[in-house]
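Labels run A, B, C and D following the written order; every chain starts at residue 1.
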Amino acid sequence: MLEVELSNLRLRNPIMLASGILGSHAGSLNRIAEHAGAVVTKSVGLEGREGYKNPCVISWECGILNAVGLASPPAKEFARELKMFNGACPLIVSFFGSNPEEFAELVKIFDFANAFELNLSCPHAKGLGLEIGRDFDLVYEIIRAVKRNTDKPVFAKVSANLDYVELAKVCESAKADGIVAINTVRGMAIDIVSKRPILSNVSGGVSGKAIKPIALKCVWDIYEEVSIPVIGCGGISNWKDVVEFALAGARAVQIGSAFYYSYDVIKNILEGLESYLRINGVSFDELVGLAHKR
Amino acid sequence: MVRHCDSIATLVFEKSIRSYPGQFVMLNVFDYEEIPLSLSSPNSVTVKAVGETTRALVNFKGGEIVGIRGPFGRPFSYSKRALIVAGGIGIAPLRYLYHWLRERNAEVTVFYGARSKEELVFLDEFEEVHVSTDDGSYGYRGNVIQLLIKENVDFNDFERVYCCGPPIMLKSLYELLNKKKILKRAEFSVERYMRCGIGLCGSCVLENGLRVCREGPVFRGDELTF
Amino acid sequence: MLEVELSNLRLRNPIMLASGILGSHAGSLNRIAEHAGAVVTKSVGLEGREGYKNPCVISWECGILNAVGLASPPAKEFARELKMFNGACPLIVSFFGSNPEEFAELVKIFDFANAFELNLSCPHAKGLGLEIGRDFDLVYEIIRAVKRNTDKPVFAKVSANLDYVELAKVCESAKADGIVAINTVRGMAIDIVSKRPILSNVSGGVSGKAIKPIALKCVWDIYEEVSIPVIGCGGISNWKDVVEFALAGARAVQIGSAFYYSYDVIKNILEGLESYLRINGVSFDELVGLAHKR
Amino acid sequence: MVRHCDSIATLVFEKSIRSYPGQFVMLNVFDYEEIPLSLSSPNSVTVKAVGETTRALVNFKGGEIVGIRGPFGRPFSYSKRALIVAGGIGIAPLRYLYHWLRERNAEVTVFYGARSKEELVFLDEFEEVHVSTDDGSYGYRGNVIQLLIKENVDFNDFERVYCCGPPIMLKSLYELLNKKKILKRAEFSVERYMRCGIGLCGSCVLENGLRVCREGPVFRGDELTF
């Protein structure tokens, strides 16, 4: 009832861990893999990155605001950490980089992964993420380079802060196997006592409930324009949100900020989702894109 | 601001924080960094200068504005007969715990080890306290685990053992309590590098996947491996 | 303490009513004008517009989602309605249109207004709003055409769904007197029982608390790049939000969705804001942009 | 679904809505439009076919799914001795009010006017009811205000007068009560075109700036002008 296929990747359920959340250590990935359809690691590049100083993650009324700055160990060190992954579900490794060569090299280092996600959307790292995603020609070259080095599925994670429909089309033409929409949305907060931006990096990315309607719209739009799978991400906190995203066209979803509420969020979502599907007499697959049909 | 010695100080906040002993706050030292600090009372943290940010904090004059998020994390639990084992600046959350337990009519025995006499803080606040220093400048010369063994403490006299201190000390105590088969009755406050403090970034996860900032910082001994 | 100047427009306080909220009738404008620094009317075009069918406005966990579709009477009819405005504060009339001539004509019809706001950002009307705002050359021509017909201040309201910094620069070069940032952000919601989009127009614009950090970032960015006043709008619900926007660079702010919580929201904000300014010993003017200084 | 006549029907929901009499819901008739409707009980609305959407509703068979937002708006208030004056489909919220008051031991007198006998609904539910029809097919021939005057009702017998009906009727009653100087003791349920139902769009504001969806739909007589 819950099984889905993303290109040649078969998942027992459509609920994935989103990149950037609890994805730096095998310990947390192993725990989440018990229930998740797949886990996506924190983004890694060839070289390690310090990231930004604290505070780099804060919670606010309607979600989370972060500018961690792609803090990560060097690729080879992270590969060693991921060797301790228990394999309870497929492992998707997320990459950042600034040119096709870097991405292509990363694929080789993580050849044991089940799929790859390309971070074209992190909103707060200079020369990476969103800044790469803005250059559609470069995105095309990156995906081509990665695909030449692997037969495993390659997903592109896009931002709502640019023309994501056009970008998704470019990704599809480069033979990406799916679009993950969306990453965090640019935002910031200011402390009115000290009169300064709260994040050490001044601005960062908004996630959590606040961006759910925004992400849903992106999924809807991309689903209308490309035929490769869309993976929904952004503010999904419960099974109802998952259903909304499926109806909008998401073949799978990713859960991030909702881990703030509970470490068991994926398990809880699966319970509710199964009930909904049973009551409605449909499989998850049949829900996908249903709200587009009149 | 209470300056205990050159490297240790207690910062007293203007307002108390609704909290339990063992919980921590993310304290933002403007122009430096935000760092996790265990509360040493509902309205204070006690800091040792080990890096740039903690050095800046220890040098505060009083009246400075800091940013505070929290309190976060799972606190210590109550027991009627308590043994507290503190190493170095690990005394901070245990001092909060001590007063919290005493106010609730618990019997509390404190074992407290530090590098030297100078770094022993809050000493006069404890009724029954056994002290060790590495340099022998006060109490037993040696570490606090050696002192526990030397004094031949019978752990069965205590309902619960509470512990906070440097990793090497936690490890020795863990092994000792493991041998005595009372890890279930022990609570360790664990330290890890933290970014978010709210269970998301994953910086502080233990090998078993538990998050120090959410499932911890206080863990039952049998939840841990060393 | 609260007085601000926007070009040659003097306001007794910086809290304005945002366009699209309670701005269709003199009755509500008169009531809000008792406390507001200025009121902005609902956007009006030369011809009347039906707007979209209901449901066109819904509230959700973190704000409001709407696709009213610029429903409005014809300009001349609306001008008659606005003649009943009590003048308790300056009146700013908001315009939509699809070319410079329409905007220029509208200025003449509403020559009794104290200032004008150009809607370059409504996210759900074909050929209007955001679709006009995307064409920077057209925006330049529109502002020039309007400015030729009036000496009163002309503000341009921009969207977060495009390169707002570039657009703000274009507006400045066309001699606009201020930038209003931001309009609602594109978003949608789906009903999981009927399995359809909730808004009759499928998608709409997100406002309310959800978009506050997004709007704040836009104000921050625009403040860094242009020297004309920035007017903050987006998710402002209380005096603390107003202070945040001022620190980010907003010389005035607009309140919209927060009228969902109380008709007296502006009065309540003014009380809190005054206390904050008194305690901090600063005027509102002195707060503006303060968080940019290190 | 209860079909009262060709043009009027009561839709019963599967679930009751926590609400007070006088409040309304925004009811979304899929493929048509979302419209505001006063509750005629905690789990029903009573609709008259006047446009495309209400016609579709009245023709429902039962079992259809509708979208509901609400309840919204300010309800009627309680009184011990109540006079209800209903015109046409205005009976809907007043029927809810009637039962609500009766359950709370109020004495309630109902004056109810409709176009014809056919359009009189819920008539058997009221204990003391005075009826008029425009065509004289039932009760007094004329409108309900004329009936009030004819029966020489002493408004001082009542603590409060509740009213809902077409604009022309509200206006006559308003003028009548104004003459008697008891507008303060009257409550009018007012209808306006609504979009959002939550106080934002401004479609339903009265000349004095009050929003029918938030400060209303029930207004005290002295809050209104006609």
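Here is the rule we go by: a residue touches a chain if its C-beta (ideal position, glycine included) is under 8 Å from a C-beta of that chain, and two chains touch if they have at least 3 such contacts.
No experiment lies behind these values; they were computed from the predicted model shown.
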**Whole-Å gap separating subunit A and subunit D, where each centre is the average of the chain's CA atoms** = 52
**Message:** Suppose each chain is reduced to the average of its Cα coordinates; what separation in Å results between subunit A and subunit C?
**Reply:** 33
**Message:** On a C-alpha centroid basis, what's the spacing between subunit C and subunit D, in Å?
**Reply:** 37
**Complete:** Residue numbers in subunit C touching two or more further chains are 196
**Prompt:** With chains as vertices joined when they touch, what's the shape: line, ring, star, complete or other?
**Reply:** line
**Message:** If I apply the definition of touch given earlier, which pairs of chains qualify?
**Reply:** A-B, A-C, C-D
**Message:** Under the stated contact criterion, what part of subunit D meets subunit C in this complex?
**Reply:** 26, 28, 30, 32-35, 65, 67, 69, 194-203, 205-211, 214-215
**Request:** Show which residues of subunit A lie in contact with subunit C when the two form their complex.
**Result:** 60-63, 65, 185-190, 192, 195-197, 202-203, 206, 209-211, 213-214, 216-217, 220, 240, 243-244, 247-248, 276, 287, 290-291
**Complete:** In their shared complex, subunit B is touched by residues of subunit A numbered 20-32, 42, 51, 53-59, 64, 66, 68, 71, 191, 193-194, 196, 198, 200, 256-257, 259-260, 263
